[in-house]
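In the two complexes that follow, chain A is the common piece, with chain B as its partner first and chain C second.
Let's look at the complex of A and B:
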């Protein structure tokens, strides 16, 4: 049961306490760009979740089975970015073949997942936190994706309401989005003591 | 290099610092902007590292621009950038180990910093060497200045110090929240609002 408990706690901590968007500032660009409409935000979140799970798992395997065995950690960044670019290409081809309408609606944002800092960031954090078990790496990657989806959906919901609010001229657009994100991150700070 | 004659290097340089400032106007490279600006020193290190990577990648991309095939160019940009980021990372680890620990994964995250890919795509792959170098310097310095400005506000308000030296009177109560994520988001939001007001007044 110990392992299951570790996994659940790890999952919750990466979704809520160490949420990539609110505490690590990763994936802010799509967060500001796509969070205008809630359905788009959810679709984006799902795509990112899939890519981050795949990329996190693959980079963990490459890091532990190849790079650390032969002492080529120097090549880590180059390998990671190649894996991520490959994974995104795979998702793009899959979505284009099986869900053409979804592919159309994503447009440029799908290939841009490659440069989403949340994905490379998570791969680097897995390395930094020294995650040793394969299952834990998979669960944490998946949790990071869920955390991102949650953050971007909450934001999209707030922004849909924000359109009806009376925002001062100077704060229109990006400034008010950032300030909202700040208040949200303060709310998420409340979870900080929950998991030690 | 016929195209070098049309565009004035000085105006390209100034555009990076104010008119097309990567953070304040183009809203690029938000992650490092928010993450490393709790104090001035890491912000300055980050700015210089990013400028170095930007300069090197712009030079390489500009030299290779006639050889690049359209469908693999983004991949080539990313690989070029990843190589130079590895160099910067190893340099920091060797000569400034404390700073390297503090910045942690944010140095390798320069790879996916949108500013660098954006400049490679928008400037270096279309222009000659001279313009590319000037553009990289302008953008890099603009980025560094913005980072330092934001970091200075946050460091003074959250600890009362600047570069680790006390600047506020002793009766000053530090605002702990400014050192946390919420401080970064709100300060940057207010800075962007300030820029909007200045631009409106000018026009």
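Let's look at the complex of A and C:
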């Protein structure tokens, strides 16, 4: 019961309070780049969720079973990048084989997940937050992906409505998007301190 | 001790790298997707303008479809017969009929001066909106000149000149966007078997008397052209060219010269200018 509670709180915390996009400002490039249409945004969110869950789990295992055992935490960064790149390659091949339309609609963004800082960030946070149980690491990784999906979908929804809004000429395009992102971030600051 | 940690670091990285290499190698074999090299070759021959005239989402998906089903050769409107032949070459097929590239013709030749207006219109400046207003322009069938077709054209091949849409055949790719945009369906896609094609540049179905009152250059349904040449047929109160058996000859030249309102014109890259509006046909030299 106690574990379940920890897991639920951990999940909510990483989705809402410690959202990678809104509070850590990680993964901003797909957050601004792919949030034009809500269906694309959701697709990107799903891809990131999948990769981040896989990468978070694998890196936690490598971190705890190999690196910490031999005292080589210094290799953390390079190992994590290797794992993420490998996982993205694997996902790309899998999607290409079994979901060709999805693969075509992802286009360049699927390989770009490799360099998505939200994923490396989450892997490093797992180490920083000293998550010791495997199941918690999996749940937190999944939660980070869900948090990213939520952020990008909210942004896409706002931007779809923004197209109908009367935006001043000087703020058309990127400026109004950045302002929106800032206000959204501030709104989510309201959750800070709610869960540890 | 220092050597040991260096060795450990190297061994760890090497081990991890090896594991991922093996996993990815297995995955690349198991999850291999065979891509037909013909698809890429076909795509290279296409114009790659992604106009969608073929009915597919873009040139890439058309290429895939045409490799799977060679019957679709010829669906590429911008490419026309040249592209069809190139695709056939890639697919190792013989094309018996390339089919001429289709280009739009506009069934109206009335400029602002030739038309009659009952009122002036200050509303939304699009043809679709204007078309909803009765009795602004007398002719219910003529070009309104607000340029819905020019907006639809991605290739800058249509311009409104003196209140009449004019096709720039050098730039036109035949993507059919304009034909779909015209609310009065004045634009017809026609196979350009010759460089310049005869067009009955009117689509009015009014009686001859009414047409003459409304427009200086309308088809008054006198049926003269159908008597001079079998290239013309009547469609209600409007003559039209038979594009299926298109072959201009002396009869058609006489028909063009004799047309009382000069509504039969040439359209194409090097089309001669039409007879000025209102000019009477040349008198016949009696034999």
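Criterion: the second predicted complex is superposed on the first by the 194 of 196 C-alpha atoms of A that agree within 3 Å, B and C clash if a C-alpha of one lies under 4 Å from a C-alpha of the other, contacts with A are read in each partner's own complex, and residues count from 1 in each chain.
Rule of thumb we're sticking to: a contact is a pair of C-beta atoms (placed from the backbone, for glycine too) under 8 Å apart; a residue touches a chain by one contact, two chains touch by 3 or more.
Please read these numbers as outputs of a predicted model, since none were measured by experiment.
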Per-residue touch tally on chain A - higher for chain B or for chain C: B
Touched partner set for A:135, first chain B, second chain C, both or neither: neither
Touched partner set for A:115, first chain B, second chain C, both or neither: first
Touching partner for A:8 - first (chain B), second (chain C), both, neither: neither
First, second, both or neither for A:94, with chain B first and chain C second: second
Which superposed partner A:70 touches (first chain B, second chain C, both, neither): second
First (chain B), second (chain C), both or neither touched by A:61: neither
Partner chain(s) touched by A:78 [first = chain B, second = chain C, both, neither]: both
A:179 touches, of chain B and chain C: first, second, both or neither? first
Residues of chain A that lie at the interface with chain B and also at the interface with chain C: 74-75, 78, 82
Partner chain A, residues of chain C touching it in the complex: 5, 8-9, 12-13, 16-17, 20, 23-24, 27-28, 31-33
Chain B - residues contacting chain A, complex: 27-28, 30-31, 34-35, 74-75, 78-79, 82-83, 85-86, 89-90, 104-105, 108-109, 111-114, 117, 177, 180-186, 188-190, 192-194, 196-197, 200
Sites on chain A touched by chain B in the complex: 22-29, 32, 74-78, 81-82, 85, 111, 114-117, 119-121, 124-125, 128, 168-172, 174-179, 181-183, 185-186, 189
List of chain A residues in touch with chain C within their complex: 62, 66-67, 70-72, 74-75, 78-79, 82-83, 86, 89-90, 93-94, 96-97, 100
